[in-house]
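The following pair of complexes shares a single chain, subunit A, combined with subunit B in the former and subunit C in the latter.
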Partner chain A sequence: MKALNKNLPLETEQIDPQKVKQELLKKYPTKVARKRAKQIIVNKVSDGQEMPEIGANTRTIPGIITQRGCTYAGCKGVIMGPTRDIVNITHGPIGCGFYSWLTRRNQTRADGPEDDNFMTYCFSTDMQEENIVFGGEKKLRAAIQEAYDIFKPKAISIFSTCPVGLIGDDVHSVAREMKEKLGINIFGFSCEGYKGVSQSAGHHIANNGIFKNVVGLNDNVKEGKYKINLLGEYNIGGDGFEIDRILNDCEITVVSTFSGNSTYDQFANAHTADLNTIMCHRSINYVAEMLETKFGIPWIKINFIGAQATAKSLRKIANYFENEELKQRVEEVIAREITEVIKVRDEVRARCEGKVAMLFVGGSRAHHYQELFKEIGMKTISAGYEFAHRDDYEGREVLPSIKIDADSRNIEELEIHPDPERFRPRKTDEQLKKLQDEGFRFKDYDGMMREMSDRSLVIDDISQYESEQLIEIYKPAIFCAGIKEKYAIQKKGIPMKQLHSYDSGGPYAGFRGAINFYQEIDRMVNSQVWKHIKAPWQESPELAAKYACD
Partner chain B sequence: MLLRHTSKEITERSALTINPAKTCQPIGAMYAALGIHGCLPHSHGSQGCCAYHRSALTRHYKEPVMAATSSFTEGASVFGGQANLVQAIDNIFTIYEPEVIAVHTTCLSETIGDDIPQITRKAEADGKIPKGKYVIHVNTPSYVGTHVTGFANMTKAMVDYFSESTGQKIDQINIVPGYVEPSDMEEVKRLAEMMGVRVVMFPDTSKVLNRPQTGKYEMFPAGGVTVEALKTTGDSLATIGLGTLASGPAARALDTKCGVPCEILDLPIGFKATDRFVDTLRKTLGITVPESLNEERGQLLDIVTDMHQYFYGKKVALAGDPDHLIALTEFLVSIDMWPIHIVTGASGKKFESRIRQIMKDSPYPINIKAPGDLFLLHQWIKNEPVDLLMGNTYMKYIARDEDIPLVRMGFPILDRIGHSYFPTVGYRGGMRLLEKILDAMLDRQDRDSPEESFELVM
Partner chain C sequence: MKKKRLKTEKEPYVATTDSCKLCAPLGACLAFKGVEASVPFLHGSQGCATYMRRYVISHFREPVDIASSSLGEKHAVYGGGPNLKLGLKNVMSKYNCGLIGVATTCLTETIGDDTSRLVKEFREEFSEVTAGHGNPTIVNVSTPSYAGSHIDGFHSAVRAIVDQVASNVQAFENTLNLFPGFVSPADTRYLKEIVHDFGLNPVILPDISETLDAPAASEYEKIPSGGTPIASIKSMGSASYSIEFGRCLSDAMSASNVLADRFNVPSRKLGTPIGLRETDIFMNTLEEISCRKVPIKYERERGRLIDSYVDGHKYVSGKRAVIYGDPDTVVGLVSFLTEIGIIPVLCATGAKNQYFQTAIKAVTEDILEETPVTLDNIDFFDIEETAEKLAPDVLLGSSKGYKLARKWNIPLVRLGFPIHDRFGAQRICQLGYKGTQDLFDITVNALIQATQDRSPIGYTYI
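Up next, the complex of A and B:
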């Protein structure tokens, strides 16, 4: 067998991934196996081989035990959750609002004690039977009025849950009516959980809503020479704070973050930035496209997960602005930060080198976090997303070939035209050309698979059953997924790191984040606690003859 | 301030719930279903509800919580979820091989009006339900009631589907433990065992949601009431339902269906309610209470009398489920503490009058709201401060803003451990509660007392 993964433990390397794939499918009913076969791919990307196609963003099979959540969760929880000064009212029965109340660890820091912060609150219309039978618009209207009377927020948004769509409440017309009446911005989201096939649809609905209803409303131009937006960064565990710290030291100004630690005014102001940088390609690439079409702001993919990736991203931003002083500044910051990073990295690497990780999470993290594992010598032998699309696996060049199915067609595609007053190309055609000739890439995302080695298993929307089988077969040193998977994995004696909420940790972005992550993984994969699971008498059950009585 | 927008001034609200003190039916149904041995709960609706319920239960127990979903998309929402459920049943039995699938609905499938028994019959006719395996169901529309309603409904479904009476009585009693922790269920069983009573407890989440670390994961662990045991409940001598809301419907259903007489008692929190539980067992079965139990009771009372000065006259704010609040209020009042603000997310006139009756000698005016929310509770506290808060983890935001100690109790507890292992019911549970109350209040006294009156001995 050709040794491709030099630093892997021998047992792992000898496992044939094709056989593993068959093993995973064996137990499924035929129809299920056929569908899952398209979503379980043995990677093959080296030496110009044709990238295998993966099934992604398709319906989850009923009964399969999936990691996925719903459109509402993607809209209200993920995208709009981190904005602190909008009153987010869930229109529906109590549960949906309750479960999305403070559970995502997206941190926020209001500027002062007087500034609005509603993130600690949960607002719901708590629909009752009569609202389902006779319609809930009246209650929604009253709820908006009460929220306004008590809190006087600058904006209110409304999130539709499953029953709302079915009973035909028109949240948008209620929003328009109340906006008129109260004179503040009020807008609704049709993010019923059944729309689309995962949270991803909800991201899209949320972002469209913000783009339509908020972006461009505030033309004040922020001070700063190098102004960017950070798209797809949600400040879980304080990631955004660390990124802000670094950018600030580089004298790069963040006009708005979508949507970690964000405010309404930042969204309203987003069109004044000169560059859009994308962290999580999945949840937001279309916003970048729209911002470019409407306002002329170019976008690039960056990644602040991993010290090398952070340095690379900073350099890329500096190159975009074509300013020597900025480039110089960025190098100084990198040099200043990297010493400590390398010190900890090498220390940890000595203990982690060659160990094996698996990552099944989200729509970008299963890719980004491979960077951090690589830095401490750990190998990702299997990974997959929970709700990503084919372009996040195979790269953006597959975009034209992605078929639009009934579920995607549900999600509104906004038709965007250049804004008559605000469209302003940030670079001339010559400048763009020059940059590109120098190797600078706009709108670039090559996806996860290209960066994984051949023979690794790429699995979309992994099921509980498949996770268990994978663990039995590969016995990885660590498994990364979400809260629902955590304890089943750990009961098997394998440490499990949550990469949605980071358990209780973070930040893991940027330089300090990298250090945190190295240390966290070191703690998890090298800890003695996993060695105490068996009692002495379970380890060696035989009795010493001299104590045994006949 | 964490809750910086909460003002003292209270305005009447009719439409907007702020910081709820309840959640929705299906999570209670899922929790109850996990208390059947070899059961996989199934959420018939879109996959978000299932993901949320599993996540919430997982965070609360730090244990695996498995459940499947019908994963509705728009098509299913328009045309109904029959195909989804039939396929789900097939997949679940093929892949995960449970003994029982316990289906509950969500707001979505309820609004559509899916007929679960009809779909199950279809699955059966299609040969998707292996011989000797079961699919049970319950309707759990979340726009009615709370998570406790869902628990009660699923527990009643166990009776509807399984209880049989053969006419041959068995020397055992049924206990429906209420929407309590696995540790509490264990403790109730232990108390009954101490009295020599044979018990079928349903549901029973002990050894399911408080499992040891063994290096092995079992999707269907040792715990949970078995189907065989459930079937025998119709032949038991009697049923004791603990907690009117959570256990009443199942206990009464058993009476109606199989003629098993039932007693519905309060949750045995505190000595008075535990006394009633023990005494009911004693009288129903004509047995004597063992000395060991008197001893436990005595230990609880010993703490009460030893530390009475710290309890006496203290004001408390409570939020939680009605069954818990009734028993807890009685316990607090019995040691001379006074809950003055009480909210629950459920609606209930009976609840309110019961609390008022327990509190009739209160020297303070009391605020009760059912249904109320934590926002209102916080406003009351701002107007009339208290010495102690008791409630779920969301109360810690109030606790920090108002600088009041908090004892965590109820659902969910997301930031501390213990509830799954150590009970709050029974005499032992009472001792643990008092320990927690004292720790919280005395730590506060230690923190706040001036140096000259800082006490070594308390």
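Up next, the complex of A and C:
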């Protein structure tokens, strides 16, 4: 079971996490404190008892200064944004479209200069006051026509912003109408920002939309014996490119990636894969479930963050296909890559061993990046997600016990049935049983808390104030979150690593990514610049006094 | 709405592709950040606060806390009042704030929340809470994102602050109210220096010189120090004069008008002092107001600037520029470019502005025979199409124009907002003789570099 906190700096060991929790709650008004108390958990997993329950995916407290964004961000920014050959039109006033314009580092690489690549564009209906008053459907129709006339794209998608739902613009009927008129695929997303409680609702809406409107439209089966989909990988900083490289070397074919470096055709073709692998459980589990129900494709959780984790995931995929040749090849690739990884890791570990990290980001990274830190001997003593649900913290086994609140109830759950012609379970019941008897697990996500030690602090949707308190109390060697936290943390003299944008670095996935990460963390935690904050004259007041007296 | 197209006959596009403007609430947040101990607060969906924080933080590389009332679907139906009040309470309990600036978003404007009334109710219902946390001032401004741009939001917020806070509490002697518009922290510091050098006491609103450009210090500040003190704003009504920058600023959005109407503070409206001529007007005005001669320091700066204009003329004369961005920044840049001999072939701004063309004409008519092509309410797609035939040699504006610079293989001098692909945005200087000097050096060198890069030889003596 979990060992007690070995190798922690002594001071950290002595800090009582329960007291820290009280400290964090101290300044809140009573009602707020009561709510936050459910979202700040002192982890306890070593006793084999039930996982402590954490409050997650609940309404944001107004005025608390949250990291969270909105449903539009989750839908357009996260899920659909990385697809390069769909024209994404934001229907609404200009802000939403502008702020999601090239601000996320989801890289893409078109095959050639002739291929559609709309990544550097921002398309918006730029609704004005009169559209709010008199409706914006006419403008939307004209915008779709313009996009078609100028770009002749394969598909056009429409993203609703806050005013759209309120004024009653029906983007779906406009989409249907224009789809018929222009003969290309056009579909809308009702992802108004006020829906749900965070980006998570947007992920769900996007998953529904892409499954309903695109998946299954192209039955061409790709070449390749071992065909998988890589779900929940957004190719930030080139992560996806690195993973593709490794999978390529193993001769595993990626039919589609949801949605880093993706294209419309990939999505249309996704149902022809034989296995779904999930990187980010939170944002993409919906599509995985639907692909299984409709087409019979099983899914597994994998993780390409961390060299050991990458090796483990490759082996898991090979085990699934039950093919000796593939297993052999996977071992060869791992052996070849791991030499350099170990060399750099050991070098960096010498300088980073025992240092302490904190991670508060997203719905998946706060968990998986702990792997990379572990590999260089750094311990995560506090972590949390922005918009994850209880299953991302406690594991999927708690799904039945999660209460659906009013905000989540309004997010549509699609009713999916097995496809009459194309439902084809990829493994027979006997094959499944044999694998599971050997310890193979499907639909498996154990959540973040199980991999953290006792007494670590798990905090959901951390606020700006709580972050600052934690820093003051623990003085970690590094704090990981997003740009909104970056400069406040660095002004406190603590190195801060952005795990959304990678601080313009990356890739950090796979083997080469692990090497990048080790070197990057080494650079940050061992930086000497903080020594210079006090100027010489501030350090030696006697010096000043001497001149004054003379 | 039909876009104003002054020089081309083509039917304007309906959609906006590659926008050249951001939305109103962001401008309001920038303005509020210029007040001492302030926390901007967006009444609407939390996405707005998060997105705008990200944008502003990326530009200034400083922490920017913006609170949100985090409205959900229920509030869209029943109104956002309860969340606004709870949010205000929560902000007060965690920050020692002097001011909370509440700006609306398109959500709350569409559902028709009467934010003024809600704030008033809050003050009454929660007077004890407010008193227990130092009685912060709450200012509210209406900034729907479907009207205007971030600059309109900025000016509306500044005006709202003056309207709701300014009074005629006794001011220091020789107080000058200065409304610079959206200029950088470095420029704001320089303006303070200039006004001080004329023996005047400046009250600059907003003053982001420290709040959006703070040092790394051993003592951490939760709310960065700096910003216009509330006490100073309260004394604006008894200042000797107001100066307000921006030829494109409408009367309805003018903060100095409020002071003139209500407290009889005489006001001078000037163009943003970018370039020699606009700065001359500013210096002249200060000389008049202060009854002091322009200090030698600035005469020498001016002299050095003109000297450099002569030195650099051979590199810039006849070059063609496309300038885009906020209306008053563009007007100032166009004035500067015109006077150094660069031809502004296209002057563009993202939102509608009825004074834009007149202003461009005013700063160019003494030198150019024809008013340059001037377009408001356009996007980069339009800029690209229009400028394609104009053979520009250089672009001036925000990072968002990089795509064009890369396509046409010409330099982009990064100015304005947002700048996300270079370092040091908070230290960009454009104002006054010294700022203009920086601008001139950067522009000349950009053109020289382009020449050097294009040469197959690799000359080092240019």
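Note that the second predicted complex is superposed on the first by the 540 of 550 C-alpha atoms of A that agree within 3 Å, B and C clash if a C-alpha of one lies under 4 Å from a C-alpha of the other, contacts with A are read in each partner's own complex, and residues count from 1 in each chain.
Following the convention adopted for this analysis, a contact is a pair of C-beta atoms (placed from the backbone, for glycine too) under 8 Å apart; a residue touches a chain by one contact, two chains touch by 3 or more.
Because the structure is a prediction, the values reported are computed rather than measured.
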Clash or fit, subunit B versus subunit C on superposed subunit A: clash
Partner chain(s) touched by A:Asn117 [first = subunit B, second = subunit C, both, neither]: first
Which of subunit B and subunit C A:Thr66 touches, first, second, both or neither: both
Subunit B versus subunit C as contact partner of A:Arg84, first or second or both or neither: neither
Subunit B versus subunit C as contact partner of A:Arg329, first or second or both or neither: neither
Those residues of subunit A which subunit B touches in one complex and subunit C touches in the other: 27-29, 32, 59-73, 89, 92-101, 103, 120-129, 131-132, 139, 142-143, 146-147, 161-163, 165-167, 193-197, 406-407, 410, 464-465, 468, 482-484, 486-488, 490-493, 533-534
Subunit A residues within the subunit B interface of the complex: 27-29, 32, 59-73, 89, 92-103, 113, 116-118, 120-129, 131-132, 139-143, 145-147, 149-151, 161-163, 165-167, 192-197, 406-407, 410, 463-465, 468, 482-484, 486-493, 533-534
Touching residues on subunit A, where the partner in the complex is subunit C: 27-29, 32, 59-73, 89, 92-101, 103, 120-132, 139, 142-143, 146-147, 161-163, 165-167, 193-198, 406-407, 410, 464-465, 468, 482-488, 490-493, 533-534
Subunit A-touching residues of subunit B, taken from the complex the two chains share: 1-5, 7, 11, 13-20, 22-27, 42, 45-49, 51-56, 58-59, 62-77, 84-85, 87-92, 94-96, 106-108, 110-112, 141-144, 146, 211, 213-219, 345, 375, 394, 397, 414
In the complex, subunit C residues that touch subunit A: 1, 13-19, 21-23, 25-26, 41, 44-48, 50-55, 57-58, 61-76, 83-84, 86-91, 93-94, 105-107, 109-111, 144-147, 149, 214, 216-218, 220-222, 400, 403, 420
